[in-house]
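One chain, chain A, links the two complexes that follow: it is found with chain B in the first and with chain C in the second.
And then the complex of A and B:
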C-alpha cells in the first residue's frame, strides 16, 4: 500500500509495455489497470499515427491502452476537453491537468470520477515545425526518426538506425524552432495538481530510461497506484534522496528558464497604447470561433456571452467576442497554447490572453488549475 | 463509447485543409484538428469549424418520388438514360478524383463529356490552361509584391496567414478588390488592365480565382499582365477538388459553364442532366429561377453524397457515402495530392453499376485510381512555368456604373450550403448610410425586380453605390443585381 506524499520509482511489470514506454511504461500500466478493475469506464489515450501525429481517443479496451502512443512531444493537444461528462482516467501534462481542474470548478468535470496521471513536461512542439526543424537543424529526414527525448536542456532525436543527434533547446529556440511559445514561458513543469505526478526526472542509475519517478499527490492517486500494484501491472520502490534532489533540480532549472522567457515575451505596454495593441493584434481575426472551441477551460458551450454579445455586423473598433473572452479568461487562462495552435490567421492568441490575465492573477496570487480550494476570482468578485 | 476517426480534407474550398472527422456510433459528427497537415497546420476557418452542420444533411436515395436503395435508384437512372439524347453531365469537383474519373467513364458510355461548370477554360487557348493550375502556397510567403483580386478574409481565409507571412517577409501587398483589407499596404480600386501601373515583375504574384461566374475577360487580362511582366498567377478555385476535376478534363474545348448549361436547358438543347455532387440551385445566383429551369428537364439524375436543394426536384437520386468516408484523393489549389483515410466506395460502385446497366464495362476503385496515376501524378509537381502563350485580345471587365445602385455577391465558396452563420448583413459605405438616413442598428430595404427585403448592414469602405453581400440573397438575379435601396 502506498501513501499520499510517497515519492516512488516504478515501472510496468509487463516487459513489452516497459520496453515500449518512454520511461518504463508505468503510466500506461496504471491507466490500463484502472480500466481492468473497473475504476473507470474509459481511458483517454493518444492513438499514434506517426512520430508527429496522434489523435486522442477514449477507449474501454485495455489492450488499446497498453498499445497507446505514450508521451509525444510533437503532439501538442490538450486532453482536458475529452474528460468532460465521462468517468475516465487520462494521462496529462500540467496544462491538461490544469484544464480539467478549471473545468471542475465550473462543473464541467466531476473530479470524483476523473483520474489524472500527470506527466512532467518541459514543453511540446508543433508537428509541422518539428519536421522543418529536423531537416534544417538536425539534417535528418523526419521519416527516419524513431524517437525523441528532452534531457539536460537538449532535444534528442533517435533515428531508426540507432543514431542520436542532440541540439540544445536554447539554440533551437533562437533559430525559431523548438518548443511552442507558450511552453517556453510556462511555469508549471511537474503536474502537482494531478492525482499522480510522473516523469523521468530523478530516474538515475541502472533504471534510467526504464522507470518512472512517481509522486502520489492525493487519495485518488493512492487508489490508482494501489489498484495497479494489486492487479500486478506495476512495481514500485521508494525513491532515494538523490533521485528526489535531481528531480527538484531539473524542475528548478526549467522554471527559471520559463521565468526568463516570460520576461522576454511580456514586455510592458504603456497604458495609452494598450487598446491600440489589443485592437491591432485581433485585427485580422476571421471569427472562426476555433479559439473558444479548443479552450480547455471554457465550459460555456453554445450559450456564451462572448458569442451572444458579438455580431459580425458590428462596427466596434474591437470585437465584443474578444473583449468578453479577454475578461472571461483573465481568471482561468492556463496558457496551454491551443488557441494559438488553431488560429487560422496565426494570431498569438495565447500570449495575448496570458498578457491580459497575468497582472490580474498575480494581484490575487491566483494560479488557475492548481487546486480546487480557491474559486475563480471573477466569480467571487461578482458575488 | 466507440467512434470512428477519419483523416480528410475540408470540402469548403480548394485550399484542402486537413482535419479529422470523428463519427460516434450514433452517427454524430464532430471536427478535430489535424495539426500535422502541412497545408493548414490543423487550422480551420468558420466553414471548417461548422462542418458537423454540413455533414448533418444526410442524403437518401429516391426514384420517381419514392425512397429507395442504391440498386433501385441505379436501375431507374439507367432506364431513363437508355435512349436519352441531349445529355449533359456536370461534376464541379465536389468529390474525389476517383469518383470524378468513374463519372467520366460513364460519360464516355453515354457519348458525352463531363463539364466542370467553370466557363473560363473553354474561352482560353489550351496553352493558357497550365497557367491556371496551382502553385505551392509557400510561394505566396516568398513573393515580393502581391496583388489581390480576392478578399481572402471572406473567400479563402486560410490564405490570410500566408499573406501575413509574406508581409513579415517584406512583401508589398495591394488589394484590388471591392473591400479594404487590413493586411494590404494599399487598397486600390483596380481593374485587371490597370495592373500595368503597378510595376510588377517576376518577383510579383497576382492572386485571383476562377469560379462558375468568373468573367473570362478578367482572367485573360491577368494572363496578359503575367506575360508582359513575368508576374506569377495563383488562381484559387471554389471546390475541394476543382483542381483535380480541371486537370482530369481531357479537353476543355467544349466545356460548358453552369450558366451555359442552364441556358442550354432553357433552349431545349439539353434534355437530360446528370449531376455528380454538383447543385446548380446552390451555384446559380438566382435560386428560384434555377429551380424553374431545372424543372424543364426530361430527366434529372443526381449522384450525391449530401442532401442539397436539387435533390428535391430530381427524378432519381443515387445516394453515396459522405465525402469524409470516401476512399480516394483530391488535388488542392496548390496542386498537392491529398488522400482520405476513409475506405468507402459506394459512389464508385454505384457509378460502375450504372455503367453496367447501360451495357458497358464496370470498374472498381483500383482501376480508376490507376487511371489517375497514369494521367497526372507526374504532372503534379510542376515547376514554375514561364508563360508559353500569346497575348490575347480581350474585352474589358464592365466598369462600375456610377450613380446606379448594385447588389454584388462576393462569390464565397462557404455560404452556398445554408450554413447557420451570422453573416446575414450587407456592407455599404458611410455615404450611403447618410444619404439613406439609416439608423444605427437598423436595417436597409433592398428592392430588385424579384422583390424586396430588409437587411442589417455594416459600414465598410466599399465603392460608392455598391452594396456587397457575402451570402446569396433571394432578391438577386445575378452576381451583380440592380437594386434600389432605402432606409427603413
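And then the complex of A and C:
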C-alpha cells in the first residue's frame, strides 16, 4: 500500500511495456490497470501516427493502452478537453493537468471520476518547426527519423539506420528552433495538481532510462497506484534521498531557465506604442475562431460572448472577439501555447494573452490550474 | 464653447438606484454639464458586463464611466462589489492595451450627490479633451 506523499521509483512489470515506455512504462501500466479493474470507463492516450503526429483517442481497450507508451515531444496537443463529461483516466503534461483543473472549476469536468497521471514536462516542439529543424540543424531527412529523446540538455534524434545526432537545446533555441516559445517560459514543470506526478528526473543508477520517479499527490493518486500494484502491472520502491534531491535540483534549474526566457520574450513595449502593436497584430486575424476552439481553459461552448462578436464585417479598430478573450482569460490562461499553434496567420496569440494574464495573475497571487480551492477569479469577491 | 472645438463622447453606465439618481439630481440642481455625456441606465452596476464597456470603446466612446451606489449601499446587496471586481480587471486590461487610463473611470455616487456627479463628468471631460479622440474610435465616427 502506498501513501499520499510517497516518492517512489517504479516501472511496468511487463518487459514489453517497460521497454516501449518513455522511462519504464509505469504511466502506461497505471492507466491500463485503471481500465482493467474498472476504475474508469476509458483512457485517453495518444495514438501515434509518426514521429511528429499523434491523435488523442479515448479507448476502453486495455491492449490499446498498453501499446501507447512513449513520450512524443513533437506533439504539443492539449488533452484537457477530452476529459469533459467522461469517467476517464488520462496522462497529462502540466498544461494538460492545469487545463483539466480549470475546466473542473467551471463544471466542465467532474474531477471525482477523472484520474490524471501527470508527466513532468520540459517542453514540447511544434511539429512543423521540428521538421524544418531536422533539415537545417541536423541535416537529416525528417522521414528518416526513427526516434528522439532528450538527455542532459541535448535533443537527440536517431535515424532508421541507427545513427544518432545530438544538439544542445540551448543552441537549437538560439537558432529559433527547439521548444515552442511558451514552453520555454512555462512555470510548472512537475504537475503537482495531478493525482500522480511522474517523470524521469531523479531516476539514476542502473534504472536510469527504465524507471519513473512517481510522487503520489492525493487519495486518487494512491488509489490509481495501489490498483496498478494490486493487478501486478507495476512495481515500485521508495526513492532515496539522492534521487529526490536530483529531481528537485533539475526542477529548480528548469524554472530558473524559464524565468530567463520570460525576460527575453516579454520585453516591454512603450506605453504609447502598445495599442498600435496589439491592433497591428490582430489586424491579420481572419476570425476563424480556432484559438478559442482549442483553448483548454475555455468552457463557454458555442454560444459564447466572444464568438457572438466574431465578425469580419465590423469596422472596429480591434475585434471585440479578442477584447473579450483578453479579459476573460486574464484569470485563467495557463500559457499552454495552443492558440498560437493553431493560428493560421501566425499571430503570436499566446504571448499576447500572457502579456495580459501574467501580471493580473501575479498581482492576485493566483496560479491557474494548480488547485481547486481558488474559484475562477473574475467571478468572485477579491477579499 | 466655440463651434469647432472638439467634444469628447463620454458614455456613463449608471445604476438605477443611486448614480442615475445622482445624474438626475445634477440636472434638477441645474449644475452646468457638458454635452459630451451619454447615460446608459442599468438596474445595477453589477449588471455592467465588461463587454458593455469594451463595446462602448469600440463604437467610438472617448471615455467610459462606470458608476453605482456606494459600497455597502447596493440595492441588490453586493452588485457594486461585483462590478468593482470586474472593473479592476478591466482597468488592468485598458492599461496593458496602451489606452490612457483616464479613459476608464469608476465612481460611486448616491442619488443625492448631484454635484459630485456633475463635477465628475466635467473633470473627465476636461481630461479627455487633453488626450484627444480615443485611438479605438472607428473610422467615420467623431
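Worth pointing out:
Note that the second predicted complex is superposed on the first by the 374 of 383 C-alpha atoms of A that agree within 3 Å, B and C clash if a C-alpha of one lies under 4 Å from a C-alpha of the other, contacts with A are read in each partner's own complex, and residues count from 1 in each chain.
By our rule, a contact is a pair of C-beta atoms (placed from the backbone, for glycine too) under 8 Å apart; a residue touches a chain by one contact, two chains touch by 3 or more.
These figures come from a predicted structure and were not determined experimentally.
Touched residues of chain A were counted for both chain B and chain C, and B has more of them. Residue contacts after overlaying the shared chain place A:274 against chain C, while chain B stays out of touching range. Shared-chain residue A:355: touches chain C; no touch with chain B.
In the superposed model, A:167 makes contact with neither chain B nor chain C.
Of the two partner chains, chain C is the only one touched by A:323; chain B is not.
Applying the stated contact rule after C-alpha superposition, one finds that A:305 touches chain C and leaves chain B untouched. Applying the stated contact rule after C-alpha superposition, one finds that A:255 touches neither chain B nor chain C. Looking at the shared chain after the overlay, A:315 reaches both chain B and chain C.
Contacts of chain A with chain B, set against its contacts with chain C after fitting on chain A, overlap at residues 314-315. Residues 49-51, 54-55, 58, 78, 81-82, 85-86, 88-90, 92-93, 96-99, 135-140 of chain C touch chain A in their complex.
Residue ranges of chain A in contact with chain B, taken from their complex: 41-42, 47, 49-50, 52-53, 55-60, 75-77, 126-128, 131, 283-284, 286-290, 293-294, 311-315, 341-346. Across the complex, chain A is touched by residues 1, 3, 5, 7, 20, 32-38, 40-46, 48-49, 153, 157-158, 160-161, 164-165, 182-183, 422-425, 456-459 of chain B.
Listed in rising order, the residues of chain A touching chain C in the complex are 269, 271-278, 305, 309, 314-318, 320, 323-324, 326-327, 330-331, 355-356, 359-360, 363, 378, 380-382.
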